[in-house]
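Below is one structure. I have some questions about it.
In order of appearance the chains are A, B and C, and numbering begins at 1 in each one.
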Amino acid sequence: MMSPKARREFGNFLFVAPYLCVFLWLLIWPLISGMGLSLFKADLFGGASFVGFENYSRLLQDPVFLQAVGNTFYFVALTVPALAIIPLFLALMLNRATRTAAFFRGVFFSSSVLSVTIVTLIWRMVLMSDGGFVANIIGFFGFDPIPFLSDPNLVMISMSIITVWWCLGLPMMLYLSALQQVPQDIYEAAALDNTPWWKQLTHITLPAISRTVVLVVIMQCVLQFQLFGQPQLITQGGPNGASRPIVLFIFEVGFRRWDIGYAAAASQILFAIILMVTLAQYFVASRREGRGR
Amino acid sequence: MNRVSAIDIRNVTKAYGPTLVLDDISLKAEANEFIAFLGPSGCGKSTLLRMIAGLETLDAGEIHIGGRRIDEREPGARGVAMVFQHYALYPHMTIRDNMGFGLKNIRMNKAEIDRRVAEAARILEIEPFLDKKPGQLSGGQKQRVAIGRAIVKNPDIFLFDEPLSNLDAALRMRTRLELAQLRRRLNATMILVTHDQVEAMTLADRIVVMHDKKIQQVGAPMDIYARPANRFVASFVGSPPMNFLPVSVSEGANGAVATLGDGSKVTTRVKGLTDSASWELGLRPEHVRVSDQGLAAKVEFVERLGERTLVYARLGDGTALTAEDEGLSRVKMGDTIYLKVDGDAAHLFDADGKGYHTPEVG
Amino acid sequence: MSKPFGHMGWRHSLWWLALIALGLIMVAPLIWTLMLSLKSNSELLRSTTNAFHLPYTLENYAAILKSSGVFRWLFNSVLVAGLTTIGVLTLSSLAGYGFARLEFPFRDVLFVVVLFGLAIPEQAVIITRHQMFAGLGLHNSYPGLILPGLAAPFGVFLMTQYFKAIPKELDEAAMLDNASRLKVFWKVLLPLTLPAQATLGIFTFLAAWNDYWWPLISATRPEMFTLTVGIASSQINFAQTSGLGYLMTQAVFASVPILIVYVFFQKYIVRAVAGQAVR
């Protein structure tokens, strides 16, 4: 028999138990067993032999994987700054209580609710060189179509444009709500001092929302490192692997070639990259904040 | 069982981790008594109240209500009702539902719930708000609803946790008067936790002064004021606080004679002193009057309150002293004044802080 | 309202021009899609420039309404997103109350473990999860599509914070009012968390609706596709598709429900995002 206290605490535990079961079963256990799996040569049919870190050393020599890592970093370098800056501009412009501003806020956020399949469908129609929207427009002015999706040098840039178009709503909203928290009397004081607008921006607004800037950068890094649907749906990673990111590599290896031990190792590397980049940014941000005080 | 609802707290102890908050507390309250727990914040008075309510567990000891041990019962099964500091009204329920919630939970029939809510609403004059939500009410109105929610339960004991501390000064005074009237009407045992001595003095039959994990003194308000058991009670009750002057003591004809640092003597009527290495003379400001003769002192600050004037002065040997003068006092800062001490009303405190007073007459 | 770009005359209008240009870039693809969907496939086959002018037709929409596949996918999406949302709200509310208010051994350690879960990207678990579900025969089933969405820790985190922000006096008052743990949760605290429920519900619904990775690998039979995967499948077979206009009509058709949800709940979405920023 349990004591009344133990019985009560058991009853309390029952409130969190359902979630914890799902959490351990579908998140923690797959994570741990995935780490284990990455040490095996395993395939779909249950054949598995322990190979130690061989999958990892193979990955580091696999030109396809290395290209995918390079592509991913290139993509992050293209999108994250754009997704930190353009939404900031939008938020600064639209942080007012007018109907026009509300309308524009709605416009800029609307793309965020669309699924990746719709976004890619739409943008394929915009960018394709044969009858795409852009091709039609520049064709009207007598130019040749630009091979946005078939030129290896352009394809990642195109993916970035699509991604920025798709993702800028959320950071804009984050900035807007941060701007709402900035006390208005600072601006009134600045106006009395005849502070020029750009000085207001760099000396008052940006420092006041610096935490949100960090949040946006970290969030977007985590998100954009996981690029998958856009290239998978539009180019299948081509041409010549120029648009294949790490996640697409994992998908192809794990679910098309069924080399799941190898795929698991690649996904652990992605996890490690994301974790390190996040921690590094967090560390830098908190140190700077510490100095600022 | 007819003489119900007396509270009997026996040797209660409580610690949060390594920090002791209540040390071996024992206390009894009689039926229909109004008791105030008075003390500075952190003295454990709220913890003791919450233990009676069942919101805190006991580490040791027992609590009995009406002769039955209740300290292991659920809060709802103890026959107590509590009025919280921040009212704790359920924001999403109407006032009517707020008051009826506890009764519904014990499956009381609807007609009886309605009757009780209507009755409490009539007493507290909150009938117009019954179908509003707490968010639409002012602080004073919420306070009444909180009291109403306690009344409908018809409890053996009402517990009030700093109920007036969220009200502004004017409303606080009015609510204090209303609480006093309500108390007469309800005939139930009530316990009030407060750090405000005026609340305790005006409302309670008996005050329990608490400090440093222990009960310092239990007594009627005027008893506490006139015969503080120790130096802490003497300094905590009374505003401005009592003056304490280091003295040496000798036997006199009618009582002890206290000799101040500058050699001047105050003849008291305190008797039955024990041996002590050092003594302090306790004098309330109203017993130190500005006069033509007596102790010489220099005025450091003057507070004019209208009906009286408080004079903060310093004696020749550097001891600070608060004295009282009439409302139209001419005393100014920097003046040298003379203070007449009423030795009959003086108290003496020994080295341990224990208080000695003029014997009670009759 | 703050006007960091205020009071600057002609420069002011330049900023607005930039904003309007960006706005046009935002909507142009959407309008282009709409125009394509209103064109007959044969006309588009000749040239897509035809989409810029009349005549427009609803024949693609008529074709969609006749085909069964898209409706099945729509139904799947509604079911999966709806049940995921209900499940997440239920689990998160219970766990949030537990973590915020109740005492049991290892509570704080467990909560930290759950917080750690926030850092785990989908890709780090998806391969082994796929294997597990294959072993259990859960692929191509509704439970298989719904369950993974229930494991995300964000809801528990959000609800725990929200429950913690509710004054504890309310629980205590309810306990003195003879309410049991379950009643305190159900009658007193849960109604107060409605704003958080709305926020979490919309986010979960959007995420489940738009999820692509998991349904892509878990649902391989067309009748178990969600709308997202279904549209993807027609897109991948782009070359042999039944026609450009028809494809774009699918896109329009698939975005309409979610855009309706967006317009309807815009207030809550904004509040949800705002809550994140304040954190």
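To be clear about the criterion, contacts are C-beta pairs under 8 Å (C-beta built on N, C-alpha and C of every residue); 3 or more make two chains touch, one makes a residue touch a chain.
Everything numeric in this text was worked out from a predicted model, so none of it was measured.
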- Report the most central chain, judged by the distance from each chain's C-alpha mean to the global C-alpha mean. C
- Specify the chain pair with the maximum number of C-beta contact pairs. A-C
- Query: Where the centre means the average of the CA atoms, what chain is farthest from chain B?
  - Reply: A
- Task: Could you grab the centroid distance between chain A and chain C? Build each centroid from C-alpha atoms only and quote it in angstrom.
- Result: 16
- Intercentroid distance (Cα basis), chain C paired with chain B, Å: 57
- Measure off the straight-line distance from the CA centroid of chain A to the CA centroid of chain B, and report it in whole Å. 61
- Item | Partner chain C, residues of chain B touching it in the complex | 53-55, 74-77, 80-82, 84-92, 101-102, 105-106, 149
- Item | Complex contacts: residues of chain C adjacent to chain B | 167, 169-170, 172-179, 183, 187-188, 191-192
- Query: Once bound in the complex, which stretches of chain A touch chain C?
  - Reply: 9-13, 15-16, 18-20, 22-23, 25-31, 33-34, 37, 86, 89-90, 92-97, 104, 106-111, 113-118, 120-126, 131-133, 136, 139, 165, 170, 173-182, 184, 187, 197, 200-201, 205, 212, 215, 222, 225-226, 228-229, 233, 247, 250-251, 254-255, 260, 263-264, 267-268, 270-271, 274-275, 278
- Task: Going by the contact rule at the top, pick out the chain C residues touching chain A in the complex.
- Result: 1-8, 15-16, 18-19, 22-23, 25-30, 32-33, 36, 44, 47-49, 52, 90-92, 94-95, 97-99, 102-105, 107, 110, 113-114, 117, 119-132, 147-148, 150-153, 156, 181, 185, 206, 209-210, 212-213, 217, 227-229, 231-232, 235-236, 238, 244, 247-248, 250-251, 254-255, 258-259, 261-262, 266, 269-270, 273-274, 276-278
